[in-house]
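Look at the two complexes coming up: subunit A is in both, with subunit B in one and subunit C in the other.
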Partner chain A sequence: MNPPAHADIGTQLITLLAAGMLVCQLLLVVQRMLLTNIRLFALQSLLLAAIAGVVAYFHNATHVYVVALLTLVGKVFFLPWLLNRLVRRIQIHQEIEPLLNAPTSMLVCGGLTLLGYIVARPFTSLERLGNNTLAVAMTLLLTGFFLMFNRRKALTQVLALLTVENGVMLAAVALTTYGMPLVVELGIFFDVMVAVMILGILVYRIRETFASMDTSKLSQLKG
Partner chain B sequence: MTVLTPILLAPAAAGLACLLVQSRRLMQAVNGLAFAIAAALGIRLLPQVLARGTVKEWDDFLCADALSAFMVLLISIVSLASSLYAGRYFNRDLAAGVITPGRVREFFVLTPLFVAGMFLVVLVNNLGVMWAAVEATALSSVLLVALYNRRTSLEAAWKYVMLGSLGLALALFGTVFVYAAASRENTEPLPSFNWSHLMSVAPQLDPRLIKLAFVLAFIGYGTKAGLAPMHTWLPDAHSEAPSPTSAMLSGVSLKVALYALLRFHILTTACLDSAFSRTLLLCFGLFSMFLAAPFILVQRNLKRMLAYSSLEHVGLICAGIGLNTPVTIFGALLHMGYHALTKPVLFFAAGNIHQTFHSLEFRVIGPGVVKVLPATAVLMALAAVAATGLPPFGLFFSEFTVLSGGFAANQTFISVLMLLALLASFCGILQQLTRILLGAPKAERSGDARPADGVPAMALLLGGLLLFSVWLPASLRQLLEEAASIIRGMP
Partner chain C sequence: MNLPALLLQLILLLLLAPLVSGCIKNWKAKLQNRRGPRLWQPYFDVVKSLRKDMVISEHASWVFSFAPYVVFLSSLLVGLLVPMLTTQAPLSLFGGALAVIGLLALGRFFLALGGLDPGSAFGGMGSSREMTIAAIAEPALMLSIFTVAITAGSTDLSHIVQATQKPAWQLLNPTHVMAFAALFIVLLAETGRIPVDNPATHLELTMIHEAMLLEYSGRYLAFMEWGASTKQLVLMTLLVNVFFPVGIATDTSAASLGLSLLAYLVKLLLLAGAVVLVETTNAKLRLFRVPDLLSAAFVLATLALMSTFLFQ
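Let's turn to the complex of A and B:
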């Protein structure tokens, strides 16, 4: 298959947008205000939707437009709205001191980014569009894990999980020509929506029962 | 006549119907009916699979081979027994005021959806949809784990959903890599992501991608299957969930995740033609067995001890498959079946004990359960004898098959290790349970002991276990042999 002549514009666009997703992730790692974190996640998802849109345009793949639209509706508007509402209902706006402070976290994430690039290096030749998108996807996965262990508020952990999910979707776009089959994309989309709703219910119940959503208080079960 | 579609639809419809129904009795009947229908259809599926190899429906979207048919039987039988047990169990909980009617309704709505998700995992042909279905089973069971809304159950549910989702995110990454490998050879839009198609092109797939995909899927689905060291959610979730749910989680949900893992294992072996994936299975299986044994010995909580025993059995199944001889794989599959019939009985008995003594701590339950709850204690003792692998129960034969297969394949060192781990948990379980079951009770219990509750469900499973231990029907044996050859990559 010969890519269209203007595909290099697409490549550059995707590389730029993927880099933007990485920047959002790093900002998330250092930001402690929950509402800002939610906005950063929404921005990251917007960039992901844009990448899907670019892929759809340059490959003329109609069903990838559907993926872009789903991401836009679900992750840019619906989930941030849902999480915002949750923050207002439980009346907790700020993350307490994370395990590692901001500069150290940044340093760790720098290392993880390097690791992501090293892991992805043997596979760069497999990428369809864009450079190093797979590396960015790997980095989102690793820093997402770090974010989850570094933060103690249940809600931030949910956001960390969602950024890992964004990383996987980015890998799907980077590695395959036309994205995944629509039925799979729909299944994943539906699962993520339900997951966040259920996590929201749990966060709310934890807040009601423990008068906090600090997950370090969840430590009775051992051995 | 189509079979696969109704197997999926019956529990899904039951779940939705329970949303509309008011009466608890009716909800329970609807649940039981749906699982009974699924079990009957599973039995009908058996000869079809044996005659044709694979049964496909909906333009190949659903596809059942011998391995799927076996899983369908396990899921439907365990969920049927669980629904039989659940009615009385929740009546007693309601009477004791530890649960609200709304929550009981939640149970009867979510359980069939959970079961439908498991059926979808084992019946769907597409690996991406299989991932979505595994995730759906995790999500539908989270709220079941948190059903009691105690501090500890919320903690368990949070750990379960967080570790499960992280693991499944990795598994999705693995699935994406498989898809990338498959679409590489194929430039048409929407190349097939179907299992049957992937297997036919397996030798041409990019081995590096498949290897990476397997590692990710192994960690991901391994977390859900409770393999050590990703098992940390397992004892919490199994001990905090209501007993019917614990039985389902331990009896079949772990094995459904293992099934997803096995599909990746088969694909990887077909692509790489090396021992890479089965070595991983063997190592993690052995590690799980060894990790479980000391935790069983020092455990102070009944259901947590049972959860660690499940960890040990899952480890044995993985190790048996990792040894990769026809005999050990057959033994591992047999073990899967017998364990699914045994473990729920123990969890049901633990539920009865919990409701009578209001605790799961061994020192509170104390000695002498046999005086307070004679039927429960006897059935529990029988199930414990079965679970530790003593004759005449089937787990003895399946463990024996795996071990003798290991020795026959000259894997003496590994087989001896397995034997040691089995022995350690054997001592642990029997010692712990004799301490609470036998002897004289500490104080006179008031009249809240209802000895007959839950006995039908337990007797059904134990009877089935005993029957299949002494008499394995020819068709079932053939099904298991075919499933074993699928796992060995020789359909």
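Let's turn to the complex of A and C:
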């Protein structure tokens, strides 16, 4: 058994971790327990942080370590903790039946993966690492949007927004520049962080006012 | 095809199958703080059933007595089509992955017929449930086998195993891992393990596989049980050898065969341990939630198939 080449291991690791992110996303789409959803999101972010770490290590891009660390602290520990607390405060643990049932949404997501692949294919020559990580990023984006309108609870919609952001980060880390300039990344990161904190308060307010997290109730006139 | 290899694999299949069932039962009991049956209890069960008289319903036709043999022989035949110790399966000339899937379907068809034939209400219920689950599990099984077949460029299982003789770290690519996960869920469904069916209960509302065997006794029951455990062993062999053919013998010298047997047993016991863990940590799903699990397996297999193009 000959030892694998250095760069080969990096590529293989990135591909494997990206596939793991994709699987997490699909599990998020079918899982209805809110706490498990949050855990899945944390796992997905952990994989993203690992990808950033691998990129930084194998390509000597030191500033990507910062991205990895920020993802680890912010999206693996802080945001899940915040959302967990929110779930405990509003006492709702389970999503109601989504618009499309689990098998159908799985199939839709399979189709979206295909779409993501087709969209990303012209750009594959630009990627320097991982194979088709961009396709996975595209798919995370598309399925994130799908998740957002398939669910009715405001909290899962926030989670969906976060997975979309994970997709953006993945594209940024894995595409040509080994990550966007650090300032831009920091900007996106804190943007999302603040958005989630505000959304958390908003979710709480919705729950207080309507005695439910169902966002479809927001379109009703209250009188 | 050479006769010694055929006989060796046949004997291994027949002897190992009850042992694996026994291991799973025993370990599961240990994890639940019970003493559990001895490892070789399934052998005693088979021998005892073989010696007992049979009670056959007066409404049963020839199909009822035909089914146990078909179930038993079809799973044995499938076992001979799958590479076990060497990369060359004894009967690989007779068919590859498609024959495996077809023979498994034949066995299941007769199992369901055997459940229906005596006209007992439970048997029919069990058959209906089994077929419902099989209708979703089978496409996932096919897709995940086809995934490795595409990578190897052939549906012949021996070819696939030879083509995957790569360093172990290369086997850890997303295609392989996802197809493996899909096939693992199918394994749980096909062998009636806990998230889908509970092998330890005869509670009428939940049983699937046991419901079809309710009318069987004596010799027929022995063949049914032995066939079921052989099928379980064969599916597990498919998982460990087709997906992770580490340590499998490429020639037929005694030393490499011995090493291969050792590697095979270790992989098999690891997989059995994984099954035990899943069985102990999960509760049985409601029947109407089972399609959700199996469609997850199906989509995983589809993704695996797609990622052969996605991550090439």
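To be clear about the criterion, the second predicted complex is superposed on the first by the 214 of 223 C-alpha atoms of A that agree within 3 Å, B and C clash if a C-alpha of one lies under 4 Å from a C-alpha of the other, contacts with A are read in each partner's own complex, and residues count from 1 in each chain.
One rule holds in what follows: contacts are C-beta pairs under 8 Å (C-beta built on N, C-alpha and C of every residue); 3 or more make two chains touch, one makes a residue touch a chain.
All values reported here derive from a predicted model rather than from experimental measurement.
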Let's test your reading of the overlay: on subunit A, do subunit B and subunit C clash or fit side by side? fit
Examine A:A102 and indicate which partner it touches, taking first as subunit B and second as subunit C; both and neither are also allowed. second
Tell me which partner A:A18 touches in the superposition: subunit B (first), subunit C (second), both or neither. second
So which one touches more of the residues on subunit A, subunit B or subunit C? B
For A:L26, decide between first (touching subunit B), second (touching subunit C), both and neither. second
Could you grab the smallest C-alpha gap between subunit B and subunit C in the overlay, to the nearest Å? 20
Return the residues of subunit A at which the contacts from subunit B and from subunit C coincide. 1
Touching residues of subunit B toward subunit A in the complex: what are they? 126, 128-129, 131-133, 135-136, 139, 142-143, 146, 149, 151-152, 154-159, 161-162, 165-166, 169-170, 172-173, 176-177, 179-180, 183-184, 187, 189-190, 193, 206, 208-209, 212, 235-236, 239-240, 295, 298-299, 304
Which part of subunit C faces subunit A closely enough to touch in the complex? 167-170, 172-174, 177-178, 181, 291-292, 295-296, 298-300, 302-303, 306-307, 309-312
Residue positions on subunit A within touch of subunit B in the complex are 1, 61, 63, 122-123, 126, 141, 145, 148, 154, 157, 161, 164-165, 167-168, 171-172, 175-178, 180-184, 187-188, 190-191, 194-195, 198-199, 201-202, 205-206, 209-210, 215, 218-221, 223
Could you pull out which subunit A residues touch subunit C in their complex? 1-2, 4, 9, 12, 15-16, 18-20, 22-23, 26-27, 30, 102-103, 106-107, 109-110, 113-114, 117, 131-132, 135
